[in-house]
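In the two assemblies presented below, subunit A is common to both, partnered first by subunit B and then by subunit C.
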Partner chain A sequence: MLIIGELINGMYANIGKAIKERAKAEIQKCALEQIESGADALDINCGPASKQPLIDMPWLVESVQEVTDKPLCLDSSKPQVIEVGLEAARNKTIINSVTADPEKLDVIIPLAKKYNSQLIGITISKKGIPQNKDQRLELAAAIVASCAEKDFPVDNLFLDPIVLPVNVAQAQLKDILESIRDFKIISEPSPKTTLGLSNVSQGTNVRSLINRTFLTMAIAYGLDSAILDPKDKELMDALITAELILNKHIYCDSYLDAYKKK
Partner chain B sequence: MALQLITEKWSGEVSVVTIGAANQEGGTRSHAVKIGGEKSLPYLFKEGSLPNKPQIAFEILDIMPSDWPNAVSAPYGKTLNDPLEWADKCVRDYQAGILCVRLLGSHPDFGNKSPEEEAQLIKKLLKKVSVPLVILGSGDDAKDNLVLPAISEAAKGERCLIGSAVQDNYKTIVASVLADGHNIIAESPIDINIAKQLNILISDMGLALERIVMNPTIGALGYGLEYAYSIMERSRLAALAGDKTMASPFICFVGQEAWRAKEAKADDLPDQGIIWETLTATALIQAGADLLVMRHPKAVEKVKEYIDNLFRS
Partner chain C sequence: MLIIGELINGMYANIGKAIKERAKAEIQKCALEQIESGADALDINCGPASKQPLIDMPWLVESVQEVTDKPLCLDSSKPQVIEVGLEAARNKTIINSVTADPEKLDVIIPLAKKYNSQLIGITISKKGIPQNKDQRLELAAAIVASCAEKDFPVDNLFLDPIVLPVNVAQAQLKDILESIRDFKIISEPSPKTTLGLSNVSQGTNVRSLINRTFLTMAIAYGLDSAILDPKDKELMDALITAELILNKHIYCDSYLDAYKKK
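Let's look at the complex of A and B:
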């Protein structure tokens, strides 16, 4: 599955500071550590505190692609910030993200097409976060329909059902898991699925355990990708093992190491 | 509406292993042989490229074979007594492009030849013929650990394919092959999990995955062929899906298995063994075999024709 490392985010103190001080080496170290741990792509987010995201985003993109050719997941709710990131990128890109609102889809999907980027669509709209899986499916279908209308290939689309913290919306997590499977039947070819994993454990005191338990369950529901902390070794080991159990890799005694050689 | 082929897009490919080093590469071989490199399942040319044809190595022994049926030993006549003459006949009379020498005579039960004797033989053989060599021990682990380093050194720089490394005995041979610039055969007992594990163990010692050829162990027609086929198919699917630890080309010991079948040994049907060896080989080619080690010249000829036909379209 596509593992998107989440750690280059201005919301984290070390990265926020590095962005502010233009400490390129710090950003590059964070990129390489995540790749070393198994990340296939890297999320790039200036963070909420960034006063000049239009300058910070391209600087982050350039800093990271000096040390890797892995895809970059440009993370912002502002289309202008995403576009300056796309302009700066030589690596493959994933736009993170677009909501199900028509005015957002009308702007972001053409951007994704213009820059030949993949796209994450989140099942959320102006009306807020959906309260059940039917609402999620409806929003997902709206995103897929808009892609089809605009001739954007659906197999370049990832749908994110929006993970809520277990201590906030416990009753919704089962619906979220089922949405992962439901999204697959919206169209043929199917859209892919992804989720921002760490949100599930926000505010709890056993974050890693909750993250990895939820991830293994989501993988069983057919999850294609996740945005997560690849440096959490137990999380990565659980991910690899879940895929092993689903027969996605061939077992051998060193299967955990083998995954990293793949 | 025109019929549209549904093709699979693969992200991985089989690694290319080069056997033999010519002058400009520091060896003395007349040519090198490349195997592997497939980017699709066997012979789905529309799906991905298959840059290298399967190759056939003639198998020779360092001693007179004791269990070869008459039908397969007859073409070699008296040369079976002399590995150098035997090798020469394969190259001269049967146009062998690669030879596989099995040093069975070093086995404690079959003559117990010393590592020095075997090293001498390999040196002479390298002078006698100029084709690339596959060199096998006798299968006795303790003795192979003495013989294989000696022959590895004797053939240093010739980029041979040397085997076999097995899960319980790989360290000595990997170290030699690494030092002397050869490739290695990783042998597993029709077990995909062990095949993968062994490739990892070997690469952990520093030998690149691109220098490993897998011997998945095969059965002849009627003797487990379909089991070998399914293991090879599954390995290849993993390789094409991007698993580099499974992306080694296959070597298949076709002659050894086919001529063990009682049908091949039937005295009243002298051609049946040739048919057995040919059919075992062609089925394995369809499973993804890259290098076939064979015995009967007539079977080799038939299989070469089969390969040429496959690539003609």
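Let's look at the complex of A and C:
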């Protein structure tokens, strides 16, 4: 699966400070550590405190691609911030994210096409967060339909069912898992699926355990990608073992190490 | 889910020795430790080295039910050994197990009825271990049909898809997971599902990690019960968290402890 490292995000104190002080080495260290731990792509987010995201985003992109050619997942709700990131990027890109609102889809999908970027479509809209699986499927279908209409290849789309914390929306987690499975049958070829994992454990005191258990279950439901902390070794071990069980890579006694060196 | 503790088994050195020496306190300690760790029922197996299973089985049953009234899972391939266990049992019982062979079903199902016992039906036959999901479903259907024919209530039946080690039958594990889901639609009411977990990691050097990852995925596929080592704390934490995610018990900050005190 495509593992997107979540740690280059201005909301984390070390990264927020590094952005402010233009401490490029700190950002690059964070990029390399995530890749070393098994990340296939890196999320890039200026964070909510950034006062100049139109300058911070390209600086982050340039800093990171000096040390790696892994894909960059440009993370912002503002289309202009996404676009300056796309302009700065030489690496492959993934736009994170577009909502199911027509006015967003009409702006972001053409951007993804213009820059030959992949795209994460998140199943929320101005009406708010979906309350059940049917609402998630309806929003997912709207995103897929908009891609098809705009001639954006659906296999470059990742649908994110939006993960909610277990301590506030426990009854919805099964719906979220089933959405991962059901999104795949919306179209042929299928859209891919991803999720922002850490949200599931927000506000709990056993975060890593809840994260890795939910991820393992989501992989059982066919998840293609996740945005997560690749430096959480137990999480990565669970991910690698879940993919082993689904026969995605071959068993050997040192399969955990072998996977990270792939 | 119904957690069946696997540790009272003569194949383990401490239990084999305790059976031989009639060290009742050792057996009872093993029973109580498993219950303390969260076991809902206890597997009872004399082990392959037992020379007098017709005597050892009732002794084990009597030793265990002196200290607990939890259900006992009488584990033997020999119908006579099962029957002497059933005779000795005052606690509820589960017969572990019957294969899909007609001559076994014709003996064991009447026993289960006579003693008002639940029953584990394992999807193997004299022809050997099934090679794919279709073969598992065919054997499962034969077991369910035999229960129906003999008027044994199918909701007292647990189907076990027979788990194989990841290092010898890696390509079959996904089929085994899907069998857990598909067994449920063989009849209405549905049969229950169980599995002997530890087999999945036999011969590997990260047994606990593979066990808990496979169990978490099996729970995602709807597993109702498992025979496992309840003293493996990380395994139990994964199990409890997977059930939390499926909304089977309510989140609280101390949900791990709360579950074990249930």
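One rule holds in what follows: the second predicted complex is superposed on the first by the 262 of 262 C-alpha atoms of A that agree within 3 Å, B and C clash if a C-alpha of one lies under 4 Å from a C-alpha of the other, contacts with A are read in each partner's own complex, and residues count from 1 in each chain.
Please note the rule applied: a contact is a pair of C-beta atoms (placed from the backbone, for glycine too) under 8 Å apart; a residue touches a chain by one contact, two chains touch by 3 or more.
Only a predicted model underlies this, so the values are computations on that prediction, with no experimental measurement involved.
Of the two partner chains, neither subunit B nor subunit C is touched by A:Leu32. With both structures placed on the common chain, the touch criterion links A:Val67 to neither subunit B nor subunit C. Residue contacts after overlaying the shared chain place A:Ile55 against neither subunit B nor subunit C. By the document's definition of touching, neither partner reaches A:Val107: not subunit B, not subunit C. By the touch criterion stated above, A:Asn167 is placed in contact with subunit C alone, subunit B being left untouched. Legend: residue contacts after superposition of the two complexes on their common chain; A:Ala145 is shown touching neither subunit B nor subunit C. Residue contacts after overlaying the shared chain place A:Thr241 against subunit C, while subunit B stays out of touching range.
By the document's definition of touching, of the two partners only subunit B reaches A:Asp257; subunit C does not. More residues of subunit A lie in contact with C than with the other chain of the pair subunit B and subunit C. Once the two complexes are overlaid on the shared chain, A:Asn205 sits against subunit C while remaining clear of subunit B. Counting contacts as defined above, subunit A residues 250-251, 253 meet subunit B in one complex and subunit C in the other. By the touch rule above, subunit C contacts subunit A in their complex via residues 166-167, 170-171, 173-174, 177, 200, 204-206, 209-210, 213-214, 216-217, 219-221, 237-238, 241-242, 244-247, 250-251, 253, 256. Subunit A meets subunit B in the complex at residues 249-254, 257-258, 261-262.
Interface residues of subunit B, counted against subunit A in their complex, comprise 192-197, 200-201, 203, 209, 234-235, 238, 242-246.
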